[in-house]
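Some structures are shown below for you to check.
There are two complexes below, and they share subunit A, which is joined by subunit B in the first and by subunit C in the second.
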Partner chain A sequence: MNLTSIGFILFVAIVLTIYYVVGKHLQWMVLLLSSVGFIGLSGPFSVIAVSFVSAATYGLTMAIDRINAQDSLSQTQLSTVTDRSVLSARRHTRKNLLLTAIVGINLLIFIAVRLRDPLLLGLHLNNETDSMLYRLTSTLPLGLSFYVFQAIGYAIDVKNKKYPAERNFLKFTLYLVFFPCLTVGPINRFEPLTAALYQPHCFDGLQLQKGLLRLLYGLFKKTIVADRLLIALRVMDSNQELQTGWLFWIYALIYIIVLYCDFSGGIDIIVGVTSMFGIKLEENFLYPFYSKNIAEFWRRWHITLGGWFRDYVYYPLVLSSFMLRFAKRMKKISKILLSSQLHIYLSTLVIWLLIGLWHGISSNYIAWGIINGVLVIFSMYTDSRLKQYGWFRSITKTKLYNYCSIALTFILVTITMLLDRFGSFREYLSALHGGFTGQSIDVLDALSSLGLSLSEYILVAFCLILIIIIGILVRRETLDRWFKKCSPLLRFLIIDVSVMVIVVFGVYGIGFDAAQFIYGQF
Partner chain B sequence: MQHNLSMANSKKMSIVSSKVPIGFLLAMLYLVISFFGIQQLLVPKYQTKLIEGALPGEYYKEKIRHDVIFLGDCEIYSNISPITLYRQYGISSFLRATSSQTLWQSYYFLEEIFSYETPQIVVLSISAMTEGSAVSEAYNRLNFDNMRWSSSKYRSIKASMTEQETYLSYLLPLLRYHSRWSQLSSEDFSYYFSSPEVSHSGYLMRSDINPLDTLPAVRVLADYEFPDICFEYLDRIKQLCDSHGARLILMKAPSVYPHWHEQWDLQIREYADANNLFYYNFIELNDDIGIDMSTDSYDMGLHLNIYGAEKLSSYIGLILSVQYQLPDCRNDPYISVIYDKKIADYDLMFSEQKREWEADKSLSIDKKD
Partner chain C sequence: MSAAAEILSRLFPDLDIANCDRLIDDGLLDSFSIITLVTELANDHSIKIPATEIIPENFNSLTAIESLIDKLINQS
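This part shows the complex of A and B:
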């Protein structure tokens, strides 16, 4: 179900009504049933995949939890230190085996789905044979990338005794499949989300209005800006001539706007929906285009994915005995500039390669990971090295430096993000080469042939200015304060006007191929 | 003291809680008004462009009964002049015809007509017998946008919707036409509250002449069988007429192309014979009617202009008045007053169109010279 469809809005409205009508102790059950229903609507494969992940993760983490409990018990019961350490080592090994099983199962499903097309091809299955397996797997399981990562993170936390395993299987399943987060994330952590999910919630009119407004803001970004520019992007995709010379840079600019409005719009919709249920989600964006370097950009863009990789892959990797030994050895071998930090940079590169592979298993995503990794390392390095010089520190305090850094970061992000649009790294390089050396056709002529009218370009420009202004106001919290002070009637009227703006200026309906969220494919 | 405070708090709470529903209701009212207000602005008005779209709504403006109803597509609304039928024979008639109107759309239009009045004769153009499915979403919109809501409209839409269409977009046309904000013209504002009639009892007048030079080659078809769904709805139209005591007549307009195949004609004749219906193929009667495609068509033989339409109407009127003994409505004071106004409008439009066309013609001759 598309987040921008009337079906989804009706679905939310029905669930919301039931949620506040039933007894508070049943609210989490309403969310679970609606989430299962939501997954069920996207096909049987989705239900099978989520049931398997949920059952396997639950069973194995419960086993880990039991070992944890035995561990703490034996600390007090066993008399000798030797007995305790032997037993502890055995249990540690068992826990590691169980965790490996959880990670393995989840990753196996994740990779199998990622490699679905070549796998089906290898098994000589296609839609012509109309086999059961093909029909079952013809649609990607909904939200797989998100709940697989949530399951792995949860298992690692339980193993590390961060919190005990959830004993109620249904409650645990709700954590994995909470329906608003199944399309474009975010990747939620167990403790903050479940604290809100399992808690009873009273109806709060102001909260509901704020949530609705956030949802409408997401629809505004997605249907008015992203989906409109997507029409132009598709025309440019289908014609190589429209990706040469100056037009290549216009293409790149359109794509980054589409990507931002599409992804952050989707997150706005999800955060809006969940806050109507009284549940606050972690923000996934923090004004990424104000970033002054690539490392900062990635701390502000898809924050939950970055945070997940940082906590569950990067830290364990950089603090692993292998990496620590490697760092020690490098320090001994050489005292050159990079050696002391080499293990950090190496881990960073590995993480970025993995993030690239998370987006897709192809050369362009591998290149995407490596390029971003190198850029992040470069920005980490320059940041730490250059700031040692006083003259540089004084430059960094100037507004001009900040603006230039922001502009440069934006350009770098725009160029690297474009890798998504190409089937392979070679195609990307060829297009990039065309961008520098190619002769473009008349830009105005080209823009007029992209399927958008002049009034639509003006509308998009106006909306982008509005998004920037809203961003500034939200950042300063003036919008929130002002909205709270408004009378209920005025707040309703603001919502009404927003609804009408989306209904009239949104791109949807016949003639427009309803675009799923770009991040939904990951 | 504490008691007073809690009293004040509860009073405040009750004021807040009573304000919210009122605010909510007012906001909902505002939303509904603004939604329908903007919808009215953005839906096409069909007054200067694609005026066929206004035809379904013209029926509801009628203030008189009709003894004859013509059903069909452009072969009806371009080729028959109800004004001529009245002027020459006193027949009160209406054309319930729209662009590419399918058999099932004709059926549901007829069903709606019977809910308003009971005509004595229903004349059905059978050119749509070749269409087994709705032509396109655009034609559906032309045919339904101005049709009044009823169970007939509901079922007609259900039967006509193409794969991409949603029923909701017919219920709330703003969801379909929202993107017209960038194409708004003065027409949308001028006809916001009301729209004048574009037809003469369903007839779309054209006074220009575009003669037929040569007939396009006849296409040989692989299959000449009419789709089953068309026969199904033809049966239902007949049953509907029978149940209301109306006589059904089948006709084929004298348009010379698209070619009306003999195999098609045979199927209709067989159906008419089997069901005891009259069938008139006016293509065969072109000479009797006096149609001359060098002067009587505005698009090279596909549709008749006013000269051809008046000849055909005169011919049909004679059949209807002689064979079916319809009452002469010219003697009805109420109907005659309304028709006098219709005739005046008709004549005025004809003279204006004629003047415009002759001016255009002389301009094009000047340009050639």
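This part shows the complex of A and C:
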């Protein structure tokens, strides 16, 4: 179900009504049933996949939890240190085996779904007419990329005794399948989300209105800006001539605007919906285009994905015995900073390769990961080297340096993000080459042939300025304070006008294929 | 001077490490600096900090870092 559809809005309205009407102790059940229903609407494969992931992760994590409990008990009961350490080592091995099984099962499902087409082709099951498996898997499981990683993170935390395993299977399943987060994420952590999910919530009119306003802001970004520019982007996709010379850079600019408004708009809708239920989600964006280098950009864009890879893969990898021994050896060989920090750079590159593969198993995503990894390493290295010099530190405090850094980061991000639009790295390089060397047709003529009128370009420009202003006001918390002070009638009017703006200016016309969210495909 | 204080003052000569209690919150220590610090503690001082302990609360001040190290030494 598309987050911008009337069907989704109605679905949320019905669930909200039931949620606040039933007894508070039943609220989490309402969320679970509605989430299962939401997944059911996207096809049987989605239900099978989530049931399997949930059951396997729950069962194996409970086994890890039992070992943790035995471990704590033996700390007090066994008298000798040797007994305790022998038992502890055995239990550690068993826990590692169970965790490997959980990670293996989840990753296997994730990879199998990603490689569905070549796998079915290899098994000669790609004929639509006679293969039930082909038909069953024709719709990808909803939210798989998000709940698989939530399940793995949860299992690692339980194994590390960060918190005990959730004993109620249904409550655990709700953590994985909470319906607003199934389309474009974010990747939620167990403790903060479930603390809010399982708690009873009282109806709060102001909270509901704020949530609704955030939802409308998401719809504004998605339907007025992203979906409108997507029309132009699709025309440019279908014609190589429209991706040459200056037009290539316009194509790249349009894509980064579409990607931001589409993804952050989707997250706005989700955060808005969940806050109407009284549940606060972790933010996934923190004004990414104010970043002064690529490393900072990735701390502000898709924060929950970066945080997941940092905590569950990067730290364990860079602090593994192997990497620490490697660092020690390199330090002995050479005293220069690059060699003593080589293990950090290598681990960073591995993580970025994995993040690239999370987006898709193809050459352009591998290249995307490596390029971003190299850029992050470069920014970390130059930052640590140059900040040793007083003259450089004083330059970094100037406004000019900050503006130039922000502009350069934006250009680099725009160029690298464009890899999404091409089937392979080779195609991307060829287009990039065309951008530098090709002769474009008249830019104004080309823009007028992209399916958008002059008034629509003006509308998009106006909306982008508005998004920047709203961003500044939200950052200073001015908007929130002002909204709280407004009278109920004024708040009602603001929401009413916002709905009208979206209905009038959103891209919906008859025959228009309402665009799915770009991040939904990941 | 503790091992952590010695490494931090070498990595950040300009920073008043002893009197700062918002090293992470104010962005003075990022993941790159933390890993550099943890690597040096492990390799030069045999103090191994597990990945599970890399959380902001443990690195926001020199006192917090030293408490973490004391805790890990006592555990081992």
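Just so it is clear, the second predicted complex is superposed on the first by the 518 of 522 C-alpha atoms of A that agree within 3 Å, B and C clash if a C-alpha of one lies under 4 Å from a C-alpha of the other, contacts with A are read in each partner's own complex, and residues count from 1 in each chain.
We take it that contacts are C-beta pairs under 8 Å (C-beta built on N, C-alpha and C of every residue); 3 or more make two chains touch, one makes a residue touch a chain.
Source: prediction; values computed, not measured.
A.B. asks: Using the touch definition from the top, say if A:Ile469 reaches subunit B (first), subunit C (second), both or neither.
C.D. replies: neither
A.B. asks: So in the superposed three-chain picture, is A:Leu408 touching just subunit B, just subunit C, both, or none of them (first/second/both/neither)?
C.D. replies: Neither subunit B nor subunit C is touched by A:Leu408.
A.B. asks: Classify the contacts of A:Met500 with the two partner chains as first (subunit B alone), second (subunit C alone), both, or neither.
C.D. replies: In the superposition, A:Met500 contacts subunit B only.
A.B. asks: Would you check which partner chain A:Ile395 touches, where first means subunit B only, second means subunit C only, and both and neither mean what they say?
C.D. replies: Neither: A:Ile395 stays clear of subunit B and subunit C.
A.B. asks: Answer with first, second, both or neither: which of subunit B and subunit C does A:Leu324 touch in the superposed model?
C.D. replies: Touch partner of A:Leu324: subunit C, not subunit B.
A.B. asks: Tell me the contact category for A:Ile48 with respect to subunit B and subunit C: first, second, both or neither.
C.D. replies: It touches nothing on subunit B or subunit C.
A.B. asks: If we overlay the two complexes on their shared chain A, which of subunit B and subunit C does A:Leu97 touch? Say first, second, both or neither.
C.D. replies: Neither partner.
A.B. asks: On subunit A, which stretch or stretches are contacted by subunit B in one complex as well as by subunit C in the other?
C.D. replies: Looking at subunit A, the two contact sets are disjoint.
A.B. asks: How about subunit B: which of its residues touch subunit A in the complex?
C.D. replies: Contacts found on subunit B: 19-20, 22-24, 26-28, 30-31, 34-35, 38, 42, 137, 164-165, 168-169, 174-176, 178-179, 181-182.
A.B. asks: Using the touch definition up top, name the residues of subunit A that touch subunit C in the complex.
C.D. replies: Checking each residue of subunit A against subunit C gives 160, 162, 295, 310-311, 314-316, 318-319, 324, 327-328, 331, 341, 343-344, 380, 384, 393.
A.B. asks: Flag every residue of subunit A that touches subunit B in the complex, lowest number first.
C.D. replies: 6, 205, 453, 455-456, 459, 487-489, 491-493, 495-496, 499-500, 503-510
A.B. asks: Would you tell me which residues of subunit C are touching subunit A in their complex?
C.D. replies: Result: residues 14, 30-32, 35-36, 38-39, 42-43, 48-52, 54 of subunit C touch subunit A.
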